[in-house]
Amino acid sequence: MDTLTLILYVAFAPLLGGLLAGVDRRITARMQGRFGPPILQPFYDVVKLFNKENLVVRRSQTVYIIFFLAFMVFTGGIFYAGEDLLLVIFSLMLANTFLVLAAYKGSSPYSAIGAERELLQIMAYEPMVLFYVVGIYMASKTFYIETIATTQHPMLIRFLPGIFLGFLYVLTIKLRKSPFDLSTSHHGHQEIVKGITTEFTGPSLGLIEITHWYENVLLLGMVSLFFAPNLWLGAGVALAIYLLEIFIDNACARARWQFTVFSSWVVAAVLGFGNILALTLFG
Amino acid sequence: MPFFTISKTILRSLFGRPATLMYPAVPREYVEGSRGHIEIAVESCSFCSLCQRKCPTEALSVDRETKIWKIDRLRCIACNFCAEACPKKCLSMATGYSPAVTSPGETEEHHA
Amino acid sequence: MRTIIPFGPQHPVLPEPIHLDLVVEDETVVDVIPSIGFIHRGLEKLVEKKDFQEFVYVAERICGICSFIHGMTYCHGVEQLMKIEVPPRAHYLRTVWSELSRIHSHLLWLGLIADAFGFESLFMHSWRLREKVLDIIEATTGGRVIFGSCKIGGVRRDIENGTLREIAAKLRDYAVEYKDLGNVFLNDLTVKRRLCGVGVLSGPDALGLGSVGPMLRASGVAQDMRLLKYAAYGGIDFAPVTAEEGDSYARCAVRIGEIFQSVEIIRQCSEKIPGGAIEIKVTGLPEGEFYARTEQPRGEVIYYIKANGTKNLERLRVRTPTFANIPPMLKIMTGCQLADVPVLVLTIDPCISCTER
Amino acid sequence: MIESQDFRETTPERLIGEVQGMRDAGYRLVQIGATRTEGFEINYSFDRNLEFVNFKIRLADNTEAIPSISGVYWSAFLYENELHDLFGLNIKNIHIDYQGHFYRVARPAAFAEKPPPPKIKRAVKPTAGTEVKET
């Protein structure tokens, strides 16, 4: 177990995630022909949110959000500590469930529809995430991230090109980027306003923001795992992938839920399952 | 290609200059003839109050006795009707918006 | 599960004060209950207090986007009543400004529809292009959306022939960018998935429900009030832009087609414009009744003017295009997906402020 | 070019029949509008390929019952609710009746009130100006 990376993750992931969000907003603005906010704007926003009154429909909403944050830190923690990859996936799922529950607690029609859409999104990306775990296991013969990351073996992506592409596809859903920003988008311009986060203000919205920063760093870590044992290359590729996601976000209209679910399943079946089949037959 | 058809436009914007201005740090340049606000050369005003009668929003008031020309900037719609009607040609339309006022109904006075 | 989703008057995708109660079953809209009237200003009644010449300013302020054509229709109606022969140059200038306002209105609409289907950068770029048209408008009239350049008996500002040709050339350059933008709307797969087959309205239905403008033309009915040859349209060579499908994609295609049509009309005007005066002095008072009909970016607008020989008109009735397009909108929204609601509301190009006057 | 204006008169009793005739002939309902004169006038406008037809009903006052044409043209319900809210006209059997809540107005039927007396006396004849101003 690598305690150092664990501490580094817990302490610096929000910083890195916030910076990424700031760079994201800046690049998005430039792509749209605007100047955009300062790079540190996400931090200013969150600080401002914490100075506001916590106005919620039900107090339990905030409790769920705290659980959302706690489980996300826990998930990222075990990932960066080099523990079991299966556990990472299941606790990530649990963390997201808390967000859905919090949205249902808001009892507003917007957040209720948002929560339903979030469940559909989970349904859309979960098969591919499971294929990701299976693929990594088949290529490295272990679930332990530390072993995967440190053992000298050929780079995992050489065995998993299909899973890599499929994972990129669902990463767009996870990062809440167009065309798959159904349940909530970065801009409140949607038929369901802000979707699952509509009913949150002040500190609880700030907590959601911080949780997303943790989540994004975790997701980028999962991308870089494809390049194990060369993790520096992996980190570089993960950042490039993030830039690609910003580009995709700016070049697509929002899809409907039907397209999101079915296309993700087709991608999971063809790229994910196909890759695993190939590994079983020829690996 | 039916995907990413906007890529040329967004990549050009990404590496080019933004289309917006850093207003108000960079002031906006107005084109000549832009209707911003009415200005008065009050020295040549004869206080005939024709502008007051022509004004469609009743933003102007002229006092012949005290020689005061008043304008309520919030009512003024910058239509240039008064400047066209003015017999002495002392009213003119200038570019740029008039500065903010602190309370509605506040008038700007010009004494001869 | 049935949920009632309140949509408007304060809603981020719908910057218009209309309220819709959407009865939603899962994600399917089973019923729509509209309610308007949040901003009824009674401008029609104001005609009893304002001088008929001053009322041009009020007419222009009925709407913030199709402002010029409102003012022009009012002037056109009063001029017809008073049998005033407007100088031909003024007619051409009015045509140029009408088409400029059509271009900027359609670019605004393109941005809004892009926002409705969640394409933020397309929205920003549509509005970036619109800004250039607004610059032309500001340089020629002094205002950005409220032109204030039309008056009974003519126009208040002239555009020199050289400047007019420059504008036509500038617009031809911009047309290249409009083409790029139009390509995204009409060919991008993610956009087509949101527009094709959404809210289909057949030609007979469109006529029966009284829809007007691009909404009607997208259902294959070639009706365009500019064919009535008001202003200088009699001397211009153009044909209404139509599409057959009657869905949101067709309505988008019609509006994009109209942008290029307007660029072409302005080019023709810059070549054909005659010299001479731009206004004549108006004497006398109007009497009688007249229906003035013109084509706004949103469709046919009607000004019913009834005068009794006094300084104040007896009655001014304005039927704006959005008012006529609300019933077809309700028709196409029943049974649609929740995600399509903003798209469908926007395909009629709603302008509730002018609807309620 | 001046558009031809085809004004025809009708009565509340004959209205539905006339409107049905227009519908059968393929006309589009353009608008319904009212005017307060000494009594009231209601105008029903129709259009077919730019051919404009207008029907006019004259009423003594706004309590007189008028049949709704929303059974013939569904889209008429908006106009008829508007007439009721602004002029207080008594329109019967509107397809979707808002019961006076179509517009949120400060005063009901404000458009039915008489305007302030005109300041300028009625001109003997309408005159037209043709004097050209050079610019």
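In order of appearance the chains are A, B, C and D, and numbering begins at 1 in each one.
Heads up, the rule we're going with is that contacts are C-beta pairs under 8 Å (C-beta built on N, C-alpha and C of every residue); 3 or more make two chains touch, one makes a residue touch a chain.
All values derive from a computational prediction rather than experimental measurement.
*Asks:* Of the pairs A-C and C-D, which shows more C-beta pairs in contact?
*Replies:* Between C-D and A-C, contacts are more numerous in C-D.
*Asks:* Give, as an integer number of Å, the spacing between the C-alpha centres of chain C and chain A.
*Replies:* 43
*Asks:* Chain B to chain C: how many Å between their CA centres?
*Replies:* Centre-to-centre distance between chain B and chain C: 26 Å.
*Asks:* Where the centres are mean C-alpha positions, what is the separation of chain A from chain B, in Å?
*Replies:* The computed centroid separation for chain A versus chain B comes out at 50 Å.
*Asks:* Can you list every residue of chain B that touches 2 or more other chains, as numbers and ranges?
*Replies:* 3-6, 10, 13, 19
*Asks:* In chain D, what residues contact two or more other chains?
*Replies:* none
*Asks:* Going by the touch rule set out above, which residues of chain A reach two or more other chains?
*Replies:* Touching at least two other chains: 31-34, 250-252.
*Asks:* With touch defined as at the top, which chains are paired up in contact here?
*Replies:* A-B, A-C, B-C, C-D
*Asks:* Give the list of chain B residues in touch with chain A in this complex.
*Replies:* 3-7, 10-11, 13-14, 18-20, 22
*Asks:* Okay, in this complex, where on chain B does chain C touch?
*Replies:* 2-6, 8-10, 13, 19, 31-35, 56-57, 77-81, 84, 93
*Asks:* Can you list the chain C residues touching chain B in their complex?
*Replies:* So the residues of chain C in touch with chain B come to 50, 54, 57-58, 61, 121-122, 125, 128, 131, 135, 138-140, 142-143, 146, 148, 156-157, 180-181, 183-184, 187-190, 192.
*Asks:* Looking at the complex, which residues from chain A come into contact with chain C?
*Replies:* Its residues touching chain C are 28, 31-34, 109-110, 112-113, 116, 178-179, 181-182, 185, 187-193, 250-257, 259.
*Asks:* Contact residues on chain C for chain D in the complex?
*Replies:* 35-38, 40, 42, 44-45, 48-49, 80-85, 87, 153, 158, 207-210, 223, 225, 227-230, 234, 277-293, 300, 302, 304, 306, 308-312, 314-315, 317, 319, 323-324, 326-328, 356
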